[in-house]
Every structure is written in C-alpha cells, then in structure tokens.
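Each of the two complexes below includes subunit A, the first together with subunit B, the second together with subunit C.
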Partner chain A sequence: MNFILHIICVIAMTLPNILGFNLIFGKGKIFHFGPIGVSLIAAYASFLTLNATGSYLVAIAIGSTFALLASALFAWLSFRLDPDGLGILSIAAHLAIINVVLNWSSFTGGAMGIPKIPRMPYLDSLPTFTITVSTIAICWIIFLFVLEHSAFGRQLQALAEHEWYAKALGINRIRIHMIAFFIGGIGALLTNIFYHQYIHLVYLSDFGYPVFIYFVMIVVAGRPGSVLGVTLSTILIVTLKEAVRFIPLPSHILGPVRLLIFGVILLAAVWVQRDSLFPKKRTI
Partner chain B sequence: MQLIVNGLIAGSLAALMAGGLALVYGVLGVFNLALGQLSLIGGMTAWWLHGPMELPLLPSILGGIFVGGIVTWITFECTVAPFYRRDRFLPLVTTIAWSMILDAFILLVFQEYPRSILTNEKHFLDLGTVRFSLEQLALVLVTFIFISAVAWMLHSTSFGRKIRATVQHADAARSLGISSSFLHRVVFIASGVLAACGGIYMGIDQNLTPTIAFPITIKAYAAVIAGGKDNFWGTILAAYLIAMIEQFAVGAPWFFGAYIPVGYQQTVALVFIIVILLIKPSGLFSRQLRTT
Partner chain C sequence: MPLLSVSHLSLTLNAQQILKNVTFDVDQGEVVGLIGPNGSGKTTLFNVLSGFLKPTHGTVHLREADITHVSPAQRAKLGIGRVFQNFGIFREMTLEENVLVALEALPKEQRMLLGDLREVVRGTLDMVGLSHQGKKKAGSLSGGQMRLLEIARTLKSGKELFLLDEPTAGVSPKMTKQVADLIAELKKEGKTVLIIEHDLPFISRICDRVLVLDVGEVVLNGKPGEIKHDKKLQEIYFGADPTA
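Up next is the complex of A and B:
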C-alpha cells in the first residue's frame, strides 16, 4: 500500500513541473531546455531560506521570486536567440548554474546538498502527503487544461505555428511567452517545494541533464502540447521508472539499463510522431 | 605565457570538435547532441586497444577513429536521416535520445572509471616559464594539420566547392546536380571522426569519464553559435577564444590580485558566451549570406 501511495506521490509531485515545461516546449514550441535550471534555482532559494528563517511561508515567497526571475532570464534568452541557439544556450545556462551551486559549497552545501529538510506542518504521514500533493496536481491539471483552451492557449499555438502571421493579427509575443515561462516557473516551484521535503533532502544530482531528458521524453511521448496526453505519459513513465527498481540486476547495471530503456522510448516516441511533433506551417 | 600555451592546447581540442559541427550545421542545418558520446566512444576504444589489448599507440588511435566513424554513421542512419528532411529540429530530440542510449552503452562496456590512454608515459618539456608535454605539442600540431586539411579541402577541391555551395544555398546546389544525401552522410561522418579524434586527444592529454560527454557537446556548440553557426573559421576562432577565456579566468589575477576558483572555469566561459550572444545574437563572426 505504501508503495502505491509513494508512486502516486511521485506522479503528483512531478506533474506541475512537467506540465509547465509542456506549455513552453510542447504547446509554444519554444526550445527552452533549461527547465531544470529553473527548478534548481527555485529549490535552493526556497530551502536555503527555510533553513535560515524556519518559515515555509517566507521560503515559498523567496522561492517563487527566484523561480520567476530565472524564468524571466530564460524568456529573455528566447527573445534574443533563434530556436536552436536558445536550445543550446539554455542548456549552457543550466550547466553554469549547476557549476555555481556545486562550487559555492559554503553557501549551498555543494555536492552534499541541503540535508534534513523538515516537512510542512500536517504533512508528516504518507496518506496526508499523498492527498495534499494529489489535490494540488489535479488543480494544476485543470488550470492548465482551461488555459490550453482559452484565448491564451490559442495565441500561444498561433505564435508556435506562424509567428509573423500571429504578430500581424495583434498577438503580443513577449507578453504571451513571458506568461508561459512564468507558469513554467511556478510549476517548477510547486514540484520542488514538495519533492524535496518528501525526501528530506535537496541533492544536486536531482537537477542534472538526465532529468531534463526525462522531461523531454515524457512530453514527447504524451504528444507535445496536450495536457491530458502528457499527464497520462507522466503516470506511465513514472510508474515504469519506479518499477524498474525491481528488475533483479546489480545497481551498476540497473542505471545504464534504465537509460537504455528511456532512450529507446524517446526515440520510438519521436519516430511515431515524426510528422506531427513539429507540424508544417498551415498554408492556404 | 603558460596560460596562452594552455589555452592553445584546450582550444585545439575544442576547435577539432566544433569545426566538424560547423560543417554539419552549415550543410544539414541540424544539431547533434550525441557528439560528446561519439567522442567518448572514439577515446574509450583507443584506450581499450592500447590498455587492455596492449596494442601500440598508433593502431589504437586508428582503431578509435575507425570505431568513432562507424558509430557516427549508425547515428546518422538511425537518428538523423529518417527525420531531418521532415523538420530540421527533429534530430535535436532524436540525438538526445541517442545520447542516452550511447551513455548506457559506454557505462555498460567501459564502466564509470576515469580512463587515460597514456598512463605515466608523458615526456615534459621546459622552455623557461612554460611547461608542456611532447604529446600536447603533437596534439596541437595534429589539430593544426587537420584544420589546414579541411581548409584545403573546402577551398581547393571540387568536393569542398560542393559543400560551400550547399551551405550557401541548398536548393540551388541540388538543382545543379550536387548529391545532397551523399554529401550529408560524408560531412556528418567527418564530424564524428573529428569528435572521435577529440576524445582520443582528451584520453591522451587528461582522462576520459562518461560524465564529460555532455559538457563537451555544449562547449563545442557554444563555439559554433558564438562563431556564427555556419561560419567554419568563425567557429574555430570562437573555440580558441572560449579556451583562452577559461584559462585566463582562473589563471590570471583579477580584482586586487584575487583569483577566480578553478571550479568556476567553465561557468565564466559559458556566461561570457551567453552575454556576447545576448548583445549579438547572430554570433561574433556572422556574415551576410548571398540572396537574390
């Protein structure tokens, strides 16, 4: 039973960040490859503040400020660079952030991370934690589903399909993309606030490049831009990831086998959707 | 002076890898995010042949280059050829998937230990205040020869003219009878061979670990973007510039004689490139393409 609750918790905690990234990369077709960089900043800002003040309220306030600032930085990069340049440089920015956190160990804890993170009041038991994160995840899914079908969703899609035509129709790219990045930032904050208190630790390995590939895989497998599709793929892939633990293999083989499985899934997902992943611009 | 020599050594490695990428981007218009893994496979194969198999150095290097080329060809056929004509951004995702598969392969076959091709076999040379190994000197010279050969090929052979024509206008080049699919394969495999050479270079100069694959890829692409994407010479210059910045960032005293810690070496170079591109998004050495 506890294992099932654990899987539900992991899925519910993962969803806000993945769906935020799906809004930017999947729906907006913006090659923002730095969502894990935003997560890292949100997590460290929140939990360093929590350690200093002991107040979750202050920690969340500071964490959300930093998450929004980091999102604004990546949005600014996206306005200045063309898509592939943004893809590479957002990864470069992510690497630079990791490097700073790793080397500024007197402040961030370096490779050891931030240990002994207390949980929020009333979230000590697994059932309460599961109910709380599941409720938040469901609210987030509904919010993004409504957003996807609103004028904002249509404007974001129009910009993704043909930016010039969309601009000619009066759609403000900077405003729409900035909102998308901010929503992604809030999603990153929600995931990180709960995930790290769940495991009682902020650990730098949780923000590496493989985590980003895992995000891309879930979004691509679930059909980019689709809230329900990506939710379903998150459920399936997180369950698969957790289930792989039970394969009776030594740990030094299990890690590469997991990489292999996910690499093949991502390649197969792109193969299946090769005509629809980046659809051709509509023409008359 | 030592910093300049260090920059030349590091820059030669970056130039070797980024030069091939600039050609690939110019001709195919795609990014290959499995580049670091391809370089590791070349380097690890050379290590395996020279270390456990006890072959002499030269055949081991040739073996590493050969295997790197073969794996690059497989990479092209599996992750680029079926996708890039549909959308040039698809290979960006497929090569990410391929990098995971290659990472798994490297971890399973070569494991997560640092591997050095030349262990305790280096011969150092002291020239006043400058110190470097003969192997490093050889590597810098080989890189220079490689780059010169590519320059000669690009500017003095019919194959090079075909490449330049395709870079300038792919459709016009195709209408003149240039076989783009053959050209694409050759250029892509050449970039993989250069990456494998880079991996062998690293294995000789320092050591190889699976974790370095990704930063190698990003630094090489940072050079390509900073240099002006399809500008081969711009990329080479940017690769050397990034390496020099990395060396001077941590090797030279800054404010009040303080030094930047070595751990921030990579960060300084990446932040510098990001700032430069925010000021000049088309790259430092971008040029106007011919249009009708």
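Up next is the complex of A and C:
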C-alpha cells in the first residue's frame, strides 16, 4: 500500500516540472535544455531560505522569485541566440550552476546538499502528502490543458511552426515565450518544493544532466506538446523507474540496466515521432 | 497623402547590394503590381516592408508615420497583411485554428469589434468554400486552397495594406481564377494591394499601376498600358531586341 502511495507521490511531484518543460520544449519547440538548472535554483533558494528563516511562506516567496529569475535568464538567452546556440548554451548554463553550488560549499553544503529538511506540519503522514501533491498535480494538468487550447497555446504553436508567419500575423514572440518560460519556472518550483520535503534532503546529484535526459525522454514518449500524452508517459515511465528498483539484482548491475531500459525507450520514442518532433525547415 | 511611402531604400546583405535606392508611393485603395525577373529583389523588398529585414539606408512610412524600425508584429497590428510566397499557413493546425490564431493576434480594440470570433472563423471558411473542412489539418489542403485561406484570413482580420507574394504560384490553373476573383474582391473592398506576379496579362488586368524591379532597382513605374510596350520591359523579360 505504501509502495503504491509512494509511486503516486513521485508521479504527482514530477508532473508540474515535466508539463512546464513540455510547454516550452514540446509545444514551443524552444531548445531550452536548462530546466533542471531552473529546478536547482528554485530548490536551493527555497530550502536555504527555509533553513535561515524556518518559514515555509518566506521560503516559497524567495524560491518562486529565484525560479522566475532563472527562467527569465534562460528566456533572455533564447531571444539572443539561434536554436542550436541556445541548446548548447543552456546546457553550459546548467553545468555552470551545478559547479557554483558544488564549490560554494560553505553556503550551499556542496556535494552533501541540504540535509534534514522538515516537512510542512500537515504533510507529515504519507496519505496527506499523497492527497496534497495529487491535488496540486491535477490542478496543474487542468491548467496546462486549458492553456494548450487557448489563444496563448495557439500563438505558441504558431511561433513554433514558423516564426515569420506568426510574427506577420502580429504575434509578439517575446511576450508569448516569456510567459511559457515563467510557467516552466512555476512548475519547477512546485515540483521541488514538495520533492525535497518528501525525501527530507536537497541533494546535488538530483540535478545532474541525466535528469534532463529523463525529462526529454518523457516528453518525447508522450508526444511533444500534448498535455495528456506527456501526463500519461510520466505515469508510465515513473512507475517503470520505481518498479525497476525492486528487481532482485545487485545495484551495480541494476544501475546500468535501468539506463539501458531508458535508452531503448528514448530511441523508440524518437523513432516513432521522427516526423513530428521538430518543424520542417521551410523558406518564405 | 499616400498610404505607403518608400523612400531611398537600400539593402546590402553579405556584401551584396540587393535593393538600390528604391523609392515609390502607394495610395489608399490602389492595386500596384511589382514585377521583375527572378532574384531581382521583390521578396526581399516585401521582407523590408513587413519588418523582417532592416534596410541599410532609407525609410518606410505608413500613413506618414515612420515605421522603418517597427517590428513585424507591430506592423501587422498597424494593418499590414502579408501573404507569403510559400503559403504562410500553419500546416499542423486545423483550418479553424489557422483563422482563429490570426484574429486572436489582433489588437484588443479591433478584436472586440469583430464580436464572436468563432462566427468570424466560420464566415472566413465559408467565403472560400472550406467550411466543411474546418477541423482538418491545413497541411492536407492544396496550394490553391491554402492561398485562398491565407488571403481570406488576412482580409477578415481587417488588414488595410496587402503584400501578396506570387499569389498564383503553386496554384492549379483551375484555382487560379478563384484566387484572382478573391484579389478582385480586395480591390472592391477598397483595400490597398501590392502584388508580386509573373503573369503579365493578369497584372495588366488587375493593377492600377506597375513597378518593375531589376537587380534591386525600380526601372519602371507607370500604368500597365503605358509600360507594356516600354523597351526596358522587353529587354528584362525577353532579352535585348536584336533589331533595335
């Protein structure tokens, strides 16, 4: 029973960040490869503040401010660079953020992370935790589903299909993309505020590059841009990932096996979606 | 006062001068043809007029306001509508969404005047005989249907100045007539049209005036009847006359 609640919690906690990233990368086709960098900043800002003040309210306020600032940074990069440049530079920015956190250990705790994170008072039991994060996840899914089918969603898709055609209709790219990045930032905050309470720890290796690959895999497998598809693929892949833990194999074999399984899923998903993944280049 | 006023426009890209001192006016309600050989800079001129390329020299004025440094999206809001040479239609979106996205991009005051946008979408699709295909992806349309949809969408979103880049290119002969009729409709509604075309009889029939562009320069500017027999036009289109 606890195991099922655990899986539900992990799915519900993963969804906000994944669906935010799906809005930017899946729907907007923006080569933003730094969503985990935004997560990292949101998590450290929140929980360092929590340690200093003891107040979740202040922690969330500071955490969301930093999540939005980090999102604005990546958005700004996306306005300055062409897609390939953005892809490379956003990876570099993510790695740079990791290195700052790693080396500024007097402030961030370095590789040890931030231990002994207390949960919000009413989140102490697993059932209440599950209900809370599930409710938030469902609200977030509904919000993004409505957004996908709104004027904003259409404008984001138009920009993704052909930037010039979209602009010639009067669509303001800066405004639309900025909103997408901010929603991604809020998603990152929601995921991180709960995930680190759940494991009582902020741990630097939770923000490594493999986590980003995992995100891309879920988005691609669920059909990029589709809120329902990506929700479904999150449920399936998180369940698979958590279930693999219980295969009776020594951990030095289990790790590579897990990577192998995900590698195969990613390859298969990219193959199936090869025609729709990225817009075909068209001239004017 | 002219609706559009282009003065001393030059553009250099990669050390190549593509537009040279281009100067002309277009009056409100005028239909002006823009002709010239392939590579003479017609599409590039449209890119400057719609704001995608910044000129090296010169200015563009719309209703006497200098818009040389105004963004493409802002120009669209000021009433410039562009119809692209390779169909400015979003192929992964449905026909309805293709119209809706254009209406939703209008400035708020203008959008309010339209009333129920879904009604306007239906009217737009009706106008070009595509209302029964509203839920289909636009990628499934023929070239002619895409062109009709794009022009109708631009018309229904209240644009004043139309930049039509080879509207009959990629359109079947059967549909060309329909596209021509729709352009005639623009004229009837008092819209101002700048149209790039290769079909000279078509241009003479529909245009009040013709500009001829050659290697980035305006070499002729006059009524279709006047320029039709001009030696320069003969040279550009048929090579120098050996008997001359």
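Note that the second predicted complex is superposed on the first by the 279 of 284 C-alpha atoms of A that agree within 3 Å, B and C clash if a C-alpha of one lies under 4 Å from a C-alpha of the other, contacts with A are read in each partner's own complex, and residues count from 1 in each chain.
Everything that follows uses one rule, which is that a residue touches a chain if its C-beta (ideal position, glycine included) is under 8 Å from a C-beta of that chain, and two chains touch if they have at least 3 such contacts.
This structure is a prediction, so every number in the text was calculated from the model and none was measured.
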| item | value |
| --- | --- |
| Partner chain(s) touched by A:Tyr165 [first = subunit B, second = subunit C, both, neither] | second |
| First, second, both or neither for A:Arg154, with subunit B first and subunit C second | second |
| Touch count on subunit A, higher of subunit B and subunit C | B |
| Which superposed partner A:Val146 touches (first subunit B, second subunit C, both, neither) | neither |
| First (subunit B), second (subunit C), both or neither touched by A:Ile138 | neither |
| First, second, both or neither for A:Ala111, with subunit B first and subunit C second | neither |
| Which superposed partner A:Asp84 touches (first subunit B, second subunit C, both, neither) | first |
| Set intersection of subunit A contacts, subunit C complex versus subunit B complex | none |
| Subunit C residues touching subunit A - in the complex, by the definition given at the top | 43, 47, 50, 52, 71-74, 76-77, 81-82, 84-86, 88-93, 97, 100-102, 104-107, 157, 165 |
| Subunit A residues touching subunit B - in the complex, by the definition given at the top | 31, 76-77, 80-85, 87-89, 91-93, 95-96, 99-100, 102-103, 209-210, 213, 216-217, 220, 252-253, 255-257, 259-260, 262-264, 266-267, 270-271, 274-275, 277-278, 280 |
| Residues of subunit A that touch subunit C when the two form their complex | 151, 154-155, 157-158, 161-162, 164-173, 276, 279, 282-284 |
| Subunit A-facing residues of subunit B, complex | 31, 78-79, 82-83, 86-87, 89-90, 92-94, 96-101, 103-105, 107-108, 111-112, 214-215, 218, 221-222, 225, 229, 261, 263-264, 266-267, 270-271, 273-274, 277-278, 281 |
